[in-house]
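Chain nomenclature is as follows: A, B, C and D, assigned in order of appearance, with residue numbering initiated at 1 for each chain independently.
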Amino acid sequence: MPRLAYLGPEGTFTEEALRLLDPTAERVPCATVSAALNAARGGDADGAVVPLENSIEGAITTTLDEFAWGEPLVINAELLLPVQFSLLARPGVEIPHIKRVYTHPAAITQCRSFIARELPDTVVVSAPSTAAAAQEVSLPGSPYDAAIAARIAGEHYGLVELAPDIGDRSDTVTRFVKVSRPGPLPEVTGSDRTTLVVFLADDHPGALLEMLTEFSVRGVNLTRIESRPTGDGIGRYFFHFDFEGHVADARVGEAIAGLHRICGEVRFLGSYPRADGLAPQIKRGTSDPEFAEAGDWLARIRAGRV
Amino acid sequence: MPRLAYLGPEGTFTEEALRLLDPTAERVPCATVSAALNAARGGDADGAVVPLENSIEGAITTTLDEFAWGEPLVINAELLLPVQFSLLARPGVEIPHIKRVYTHPAAITQCRSFIARELPDTVVVSAPSTAAAAQEVSLPGSPYDAAIAARIAGEHYGLVELAPDIGDRSDTVTRFVKVSRPGPLPEVTGSDRTTLVVFLADDHPGALLEMLTEFSVRGVNLTRIESRPTGDGIGRYFFHFDFEGHVADARVGEAIAGLHRICGEVRFLGSYPRADGLAPQIKRGTSDPEFAEAGDWLARIRAGRV
Amino acid sequence: MPRLAYLGPEGTFTEEALRLLDPTAERVPCATVSAALNAARGGDADGAVVPLENSIEGAITTTLDEFAWGEPLVINAELLLPVQFSLLARPGVEIPHIKRVYTHPAAITQCRSFIARELPDTVVVSAPSTAAAAQEVSLPGSPYDAAIAARIAGEHYGLVELAPDIGDRSDTVTRFVKVSRPGPLPEVTGSDRTTLVVFLADDHPGALLEMLTEFSVRGVNLTRIESRPTGDGIGRYFFHFDFEGHVADARVGEAIAGLHRICGEVRFLGSYPRADGLAPQIKRGTSDPEFAEAGDWLARIRAGRV
Amino acid sequence: MPRLAYLGPEGTFTEEALRLLDPTAERVPCATVSAALNAARGGDADGAVVPLENSIEGAITTTLDEFAWGEPLVINAELLLPVQFSLLARPGVEIPHIKRVYTHPAAITQCRSFIARELPDTVVVSAPSTAAAAQEVSLPGSPYDAAIAARIAGEHYGLVELAPDIGDRSDTVTRFVKVSRPGPLPEVTGSDRTTLVVFLADDHPGALLEMLTEFSVRGVNLTRIESRPTGDGIGRYFFHFDFEGHVADARVGEAIAGLHRICGEVRFLGSYPRADGLAPQIKRGTSDPEFAEAGDWLARIRAGRV
């Protein structure tokens, strides 16, 4: 039974994701994304589950930066989790009583309409996580009357759900990834995704276009690009790329070897099954058999057998 | 004397930026980036100053999303402000007394080494802004013993600077922009930057490469690209682009008209002098005179005068 | 009634093309392509009809070089003419009598199988044109027994057709163009072609790729590219391009203005209706209305009206 | 001592090229380029020397088409030969006596100024080759008074040089290649060239741009491109490419394997030392060691060793 660290406390969306990714795992809640990843790095856990991006908030930059700068970890699974917020309170508290609400800033943003409509005079205070907010609200004597958090957090901490699904959009999704220390890669499934971090060699005009051309010429489709600052002043960035395919695929291997040749540093963050199960459209001439056949052809030519 | 809204309260880095961008402006502090921008939109202020990105934290996503989705505003100036954090406390409090520190999460991240070394047993609590933290700490009876904030915040709120420049890196910079409602553009200076938001028409493979090619073929160099979620699920993004040149430059105009033709929506966010004063290297064939000459040549050909 | 010069003498395929392109024209046979073009340049004729390329032989390089280096002429019509060769002889001569055949080298190449099969022991001699061959053979006392030429040439010169359609391929086609001194252009028909000559500014790596990108980024499809030596040594070339669309089309205009900006010299050789009547597939964002709308949008932005 | 076929008769520029390429070879003159190549194909000769292109005339299309369609041969050497024409006549004939000149059409074109100036009233007749013209003129009773040919042809056939170097340009050059049946390739010298013939899989818009991108993304510089008709009607072409580097170079191998994957057919025509001895500028990331290192890196990643 693997031990998996996650962004806690109990009752976070991350816990929900972990339960879905590995129902049998032993769960190790950690205070921060960094702490969860360090648990995996250091061996306190066999891996970790952390959020990578949210369909409203965008990238979880702490996760991106940890993946780029920290001791290497690789993704071996991903999950898309619908995010539904509930208004949670201690038993006996009703909506009209609520003066102070505690929740994570992302939830404040995503529940803006509900708050304006139902809690117009309420003070909303930022919490480190929605689950931490629920935990705090559950304490007798808490200065907060209600939390906005996952329903699961209410169950954990004995809160009552005063209103379900209060987000402005009902289709919000967070993408979680399960990571572990480097080791054998997940098998090719035909519906895979690969994630990289790429640092430029020198920041010349056209550098990004060149990188994208390394992908496109091998028929590898990007699914996400994020730029992050290198820390060396405004205007200096590195990149996260997600793209279709597995590093064991010939087209993917040649593309990332190409990036490796022209870039300053390429860090491999894993090849893993896509959560959405979509298979890529493989462009003419870029399938594994076509690469193999071209390699044979080239070998014959080099041997003088035209 | 223009009225400029900004991310307050008094003592924020944004206030410092505003003072440098327009020393004579009347300053209108607002609780959030959105509130500051809304003040400019609604006419309560003539414009607003807000942070756009930080060399450690990256993009200020609230600002990006407000620019993309809110009522249109355009940037007419930018400023690069070195960010230096101070440890601030009420008079009489010394470092050994400090049990609880209050500051913005970005400051927690950026002062990690100092905190670990000098305040190892201290609880650090997240504040909505560094200036708000200083303000809170200045109140008698505050549960916090110290704030991490700009020196200017200490001066505002009567705090003592216990330690200056406590960030892990001494070269951290935040980029601020001054925006106003649309109107006449700043003049071309020869060292200009232009900012756009671009939504894809349809998210086909190669769409980003096509957009970059619209720039590169006219010799327009990108200086920043940020992807942001459209809200319509994981895997759907729009883009912020910064690039060299002014929309009045022929090469820039043709490039963004090209984007406008192939993309779903292009929102112009302003052309304005670069804070760093760098002039672009103009690629052969893409200067204004070369565009004008080519236009004359084409007109002659179309008129049958070869 | 216009006077049109052509590659003579009477009975050439070019004469046939001229009759189809302009049945009412007065025909002025000339000894060479250059002579025909010079007649048009100098005013002895109102225009000229010359071959441009053949589906077996390829480009007629004399024509290409005349268009590139001579006094400017522009194409205003094109024609695709099936090329069918006949074996022609003076009345009374039968195939078994034929010892010496006279014809143009292209006809020798294209009738190779027939010659090998039916005239295995015959000497085949090169003539300046197939019609000149027929003319020569028609003279009493000619050293040649037969000519390979167009049937029309046999009719002109009183020869008997011993064998029709003797080419190796029955689908051979020659493309002819009608040119005149520069003047008002043919109207846009929606099925147009444009021809250019392009000299590089400097022969750097990637120069050809850059030129093709000027076309592709505006959705302009090439239909022919020919390289020709500049005369300045092996390895120095200029280019002929044919592509879809009319110079009056916005996408075409912007593409060739782009070439004009980055290349050493661009010579416009005309926009004219396509002989095959095919209409181009216009890529999203590159139609005239889309260009016009993008121009209006840009003008509004430059005027500060976002 | 190898036997090399060449475009004869004795005295052609091709013979001169052959003597320079392999002074010790036994020389086998042939009537046509095709005959010379067939001699090499069939084993009558160990190889052949033929012209490929001329700095004024352009490509020798017979050679290009033979290389594309005939039994495979590969180039193993190239030579750039300055082409200087002489006016040659039988002993006793002076310029004022000359009524009829015999020479190859290319020589007519290239000596146009001399002919117009010195031989204004002379009839100039086309010969199959300049050497054949010289041979013919040397015969007593020839209908021609002079030939334009290489000086070497005059020496062969006992003619007197009436005027040396009569070409319009004194820097005309012809590129010759030595070919043989496929076998072990010439060694990598660091200053190599590779030649290919490429047939499209399907003639979609952008196909040429895609081919060039396969080269450019691996930093392989084209030195020549020629389009030739496939024979299947106007508008259908295949391509000859010359480019820097040897097929044994990693960047060249990957580029042509890429072409092989996306094109209909790629025919390898040889890697051989450049006659000009120029070494390519190797773009960052495309040297053999960089390819090898990237391959090792990829292998480590695929093995799970990040």
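What we mean here is this: a contact is a pair of C-beta atoms (placed from the backbone, for glycine too) under 8 Å apart; a residue touches a chain by one contact, two chains touch by 3 or more.
This is a predicted model, so every value here is computed, not measured.
Path length between chain B and chain C in the chain contact graph, taken as the least number of steps between touching chains: 1. Between the Cα centres of chain C and chain D there is a gap of 25 Å.
Per-chain CA centroids place chain A at a distance of 58 Å from chain D.
One simple way to say how far apart two chains are is to compare their mean CA positions; for chain B and chain D this gives 60 Å.
Residue positions 213 of chain D each touch two or more of the other chains. Pairwise, the chains that touch each other are A-B, A-D, B-C, C-D. Residues 72, 74, 182-185, 201, 213-214, 217-218, 247-248, 253-254, 256-258, 260-262, 266-268, 284-286, 290-291, 293-295, 297-298, 301-302, 304-306 of chain A are the ones that touch chain D when the two sit in their complex.
Across the interface of their complex, chain C is touched by residues 53-58, 61, 80, 126, 128, 169, 171, 173, 175, 205-206, 208-209, 212-213, 216, 221-229, 231-237, 276, 281 of chain D.
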